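What follows are several structures.
Both of the next two complexes hold subunit A, though its partner changes from subunit B to subunit C.
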Partner chain A sequence: MQHACDNWFVAFFEGALIILIMVRIIKSMRGSIPFIRRIPGLNAIDEAIGRATEMGKPILMIPGILGLDIVSLQALNVFTHVTRTAARFATPIRMCVCDATLYTISQEVIQDAYQAEGKPELYDPDSVRFLSDQQFAFAASVAGLIQREQVAATFFLGSFFAESLIFAEVANSVGAIQVAGTVMTTQTPFFIAACDYVIIGDEFYAASAYLSKEPVATGSLVGQDYAKLLLTFFIVLGSIIYTVTGYAGGPHVPLIHTLFADGGWNALLHSIRHLF
Partner chain B sequence: MKLTDRTIGIIAVICLIPISFGAYLYYLRFGQNGLNIFLGGLVTLAVYSTLYRENPIYRFVEHIYLGLAAGYGVVIAWSEVLSTQWYDPIFKQHQWLWLWILPLAIMAYFVFSKKHSWISRIPLVILSGFAAGTIFQGFVSQYFPQIQDSFKSLRPTVYTLQNPDPSPAAHILSISGAINNAIFLITLTSVLTYFFFSFEHKKKAIRGYAQVGRWLMMIGFGAIFGSTIMTRFALLVDRMYFILIEWMHLGHPIA
Partner chain C sequence: MHNWEIAQGNTIWLAIAGVLLVTFIIIGLLTKLPLTLRRPLLSFLVFVSGLFYALEYFLPTHPVLDHGVMVPENILTDLIPNIINPLAQDLSALLFGLGLFSLMRIHFNNVARQRSGWVNSLALLVSTLSMMVFGFWSRANLHHPRWVDQVYHHLFDGVYQNMDAAMFSLIAFFILSASYRAFRIRSFEASILMTSALIVLLGLSFGGLITDKVPDYGLWSNFRIETWSSWILNIISSPGLRAIDFGVGLGGLAMGLRIWLGIEKGALFGD
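Here is the complex of A and B:
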């Protein structure tokens, strides 16, 4: 674990990234809503809800199999949109969670979504279910539920692992239209293979911000774009320095390499003192 | 002909008689371990029965699995968490400060009270705060070494296609190594371009470069898919070995 006192450059750099993001969030909160590019996968969300409404079958939502974290909270943002749209057409929903803490939050979020649409009577407490906190027991139970209830649309958004293909294949076998998105690089290929629409990597956060229109989420997304731009600048700069100096490893490490390692700040100060 | 749930259920009940007899024979011949293997084989087949369609046998095993997982979770919660990290430090090592967790845990149970359910949000907020702090610290440990490793030289140190000394201590960059680095940088920057959301990809150059990123990602996903499928096949082979060799004794076990 790297600590701030090991490398003050890294601490300041992270501070700069935080400031960038915070500035954008504050601007957003003051009413300057930033532009966010629409992701193709988002159109699929309404399409999937429409299909379930036409068939009169339930929509299944799973916010990953990890506990309360940023990814699952972003998934809940998207599910709020799904639930609100489903509530408008009185389409039944099912939400399966794998974590007790997330279960409590999910219940409140789904109930709030129904209330926000002015249809609190449609909220069914049994629609949000805690099945198991063990990975494959959860997977077996979800697979059974998909087949028993013959769900028409599925939304797998969050952190998934080896069970991703079990969910996607079983839902595919009952002919459900599937929208999936995960930040787990190793599971994205399985969703691409078995689902109709896939939200890849960071698109997941963008989808959540786009649908929720929350100033914090949208501002944070734009701030992160700036952060990515800054990091890209450093990577390109570092590579140019490596190419010019012809560095391919060895003891005489360029300063930019040292900056991102333990003692990086000391190395910078040492170089500045050496110059004068 | 599609079998109904009732037919499958009746078949399962009828099968219980030879299954019980088989289990008894296994127990007589192989002892407790044999009985475990016999039950393991049956459960495996019951789970595979869902490949035909969802049926009462699968449902029965699914619920047993859920029940076992719940029981296992309780045991693990006590033996791995509560006992070792809470009960023992307080009551055996007399570190009384750990008692402060108790009111927080009790607060979580207020979720069942309609009037005081707001109290249950306090531990959630504290947990979220802890999670946010850990993520800040984890960000540096996880991403900064990656940034450092992303600095790549595009100038070969030797003008040969292959590296004459591939040991890391030699610090040699051949032409193929430089090409490899160039592919890495193009992939990294193009994928990053694809993931910019705060502006429309209208300009032809940006749109084209983002498309390159998308294609390169898909190639990467294909490679991940292939290698993971290989692993899954290894798991299938292992299960088939269990069914055919250990359960049905259709061959000799591998020594």
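Here is the complex of A and C:
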């Protein structure tokens, strides 16, 4: 288990990132709403729902194959938007989940989305389905569902592994328009190869801010950009330090040794005392 | 390190009954709460849970002997494997029952109403029940006939594992069809993708034979296909992936912070 005192530099750095994000959230809550650039994958959501509505076929949503975590909660945020739009046009939806915890929460979220649109009668409890908690049994079930129901649009958002390509290729074979987004960098290439629109990397977390334009979410998004700038600064600084000093074998520079000091809080204090 | 003893004999049934009773009372009370009170209560619980992990991470540690290995711990570390993880497992098990109930209900209705493809639903019901019966019989009851183990072995290792492997092997064919579509040269970007993929594929397979005569030292080594392949992987691909990972990590941090502080809006958190 990791602790802050394993590496004090990381703990301070995390603190700095949190402060940057919080400052931007507070500024945004006070009315300074930032601009968010166009994200094609998220613009395609309405297009995909529209197509499913025209064809009178269902929309399929999968919030990854892991359990309840930040990633699946973010996927549920996007699926709430999808469900509300689908509810307006009475387009049927199917949501398949691979985790029992997520299943109960998904049911609640989808039911709330129909109620929020004033159409609770359209909610079908069987539209949210727990298929299996085993990876390939789930993949087989989803592939079967796509084939049987001939879904018109698919949304794969969340944590995916080897089954990602099975979903995307089967959906492609029935001609479904596909929007995918995952935080798993190993699966992003598969989605790019097989899907129509892909949300890459942190665009996945930008989704709720982009769709809702809600101040907290948009402020947080800008805070993340500032945090990235800080991260970039330290990457460049680290590269320069490493190049100049050849750290771990180079000349003795106390300040740099303090920066890279191993050990807990005591080691940090010792290094600072050593500096003066 | 303190480990909880598993209760034996009748005590375990009493413990299970007690836990179920308390769980249903809590769930009942929660469902009776009005929505205006339920959300602040959940936000408070989320904050306390998050605070626990934050404190566990930031508080100073001291080395403790655990299973013969010195590990850094503080006053909260011990609670994670002994209380929090078992609680999470119990909750997952309870919710798994709900998931299983939903699955069985959908397929039972398919069979009862003889909807299209009801035979598949029947196969699912029979296979699920068979695995449950023989699984419990084989694992939970020590005094069972030998044939029960054999049936369980045939069902799990003979049928389930092979079908799982068959699904996995399908990916190879899907990779072929997906890469065919992705690599069709339709644009400048697709051409770059195609060329890079070809170089990496050659570099990792038999491409070395093409540039076999080129010396693998000095300036000439830059003209070997393995060098190009590893350059694309290490200089172009890896930094790109790491940059995406940084963005994803920051996104997770920001969202975690919003949820922890109860300022997140949207699904589950209210508009």
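Methods note: the second predicted complex is superposed on the first by the 230 of 276 C-alpha atoms of A that agree within 3 Å, B and C clash if a C-alpha of one lies under 4 Å from a C-alpha of the other, contacts with A are read in each partner's own complex, and residues count from 1 in each chain.
By our rule, a contact is a pair of C-beta atoms (placed from the backbone, for glycine too) under 8 Å apart; a residue touches a chain by one contact, two chains touch by 3 or more.
Computed from a prediction, not measured in an experiment: that's the story for all the values here.
In the superposition on chain A, A:Ile241 makes contact with subunit B only, while subunit C stays out of contact range. By the touch criterion stated above, A:Asp126 is placed in contact with subunit C alone, subunit B being left untouched. By the touch criterion stated above, A:Ile36 is placed in contact with subunit B alone, subunit C being left untouched. Shared-chain residue A:Glu47: touches no atom of subunit B or subunit C. In the superposed model, A:Ser220 lies in contact with subunit C only, and not with subunit B. After overlaying the two complexes on the shared chain, residue contacts for A:Gln147 are found with subunit B alone; subunit C is out of touch.
Once the two complexes are laid over each other on the shared chain, residue contacts for A:Glu117 go to neither subunit B nor subunit C.
In the superposition on chain A, A:Leu76 contacts subunit C only, with no contact to subunit B.
By the touch criterion defined above, A:Thr104 lies against subunit B and subunit C together after alignment on the C-alpha atoms of chain A. Shared contact residues of subunit A with subunit B and subunit C: 1-2, 11, 14, 70, 101, 104-105, 131-134, 136-137, 140, 144, 148, 165, 185, 188, 190, 192-193, 200-202, 206, 221, 228, 231. Taken together, the subunit A residues at the contact with subunit C in this complex read 1-6, 11, 14, 17-18, 21-22, 25, 67, 70-71, 73-74, 76-77, 79-80, 97, 99-101, 103-105, 108-109, 112-113, 116, 126, 129-134, 136-137, 139-140, 144, 148, 162, 165-166, 168-169, 172, 183, 185, 188, 190, 192-194, 200-202, 204-206, 208, 212, 214, 216-217, 220-221, 223-224, 227-228, 231, 264-265. The touching residues of subunit C, when paired with subunit A in their complex, are 56-61, 71-72, 74, 77, 80, 91-92, 95-100, 102-103, 106, 117, 120, 163-164, 167-168, 170-171, 174-175, 177-179, 181-182, 241, 243-248, 250-259, 263-268, 271. Within the complex formed with subunit B, the subunit A residues making contact are 1-2, 10-11, 14, 34-37, 39, 68-70, 101, 104-105, 131-134, 136-138, 140-141, 143-144, 147-148, 165, 170, 185-186, 188-190, 192-193, 200-203, 206, 221-222, 225, 228-229, 231-232, 234-236, 238-239, 241-250, 254, 256-257, 260-261.
Those residues of subunit B that touch subunit A in the shared complex are 47, 50, 53-54, 58-59, 61-62, 65-66, 68-70, 72-73, 111, 120, 124, 127-128, 131, 135-137, 139-141, 144-145, 147-148, 150-155, 157, 168, 171-173, 177, 181, 185, 188-189, 192, 195-201, 217-218, 221-222, 224-225, 228, 232.
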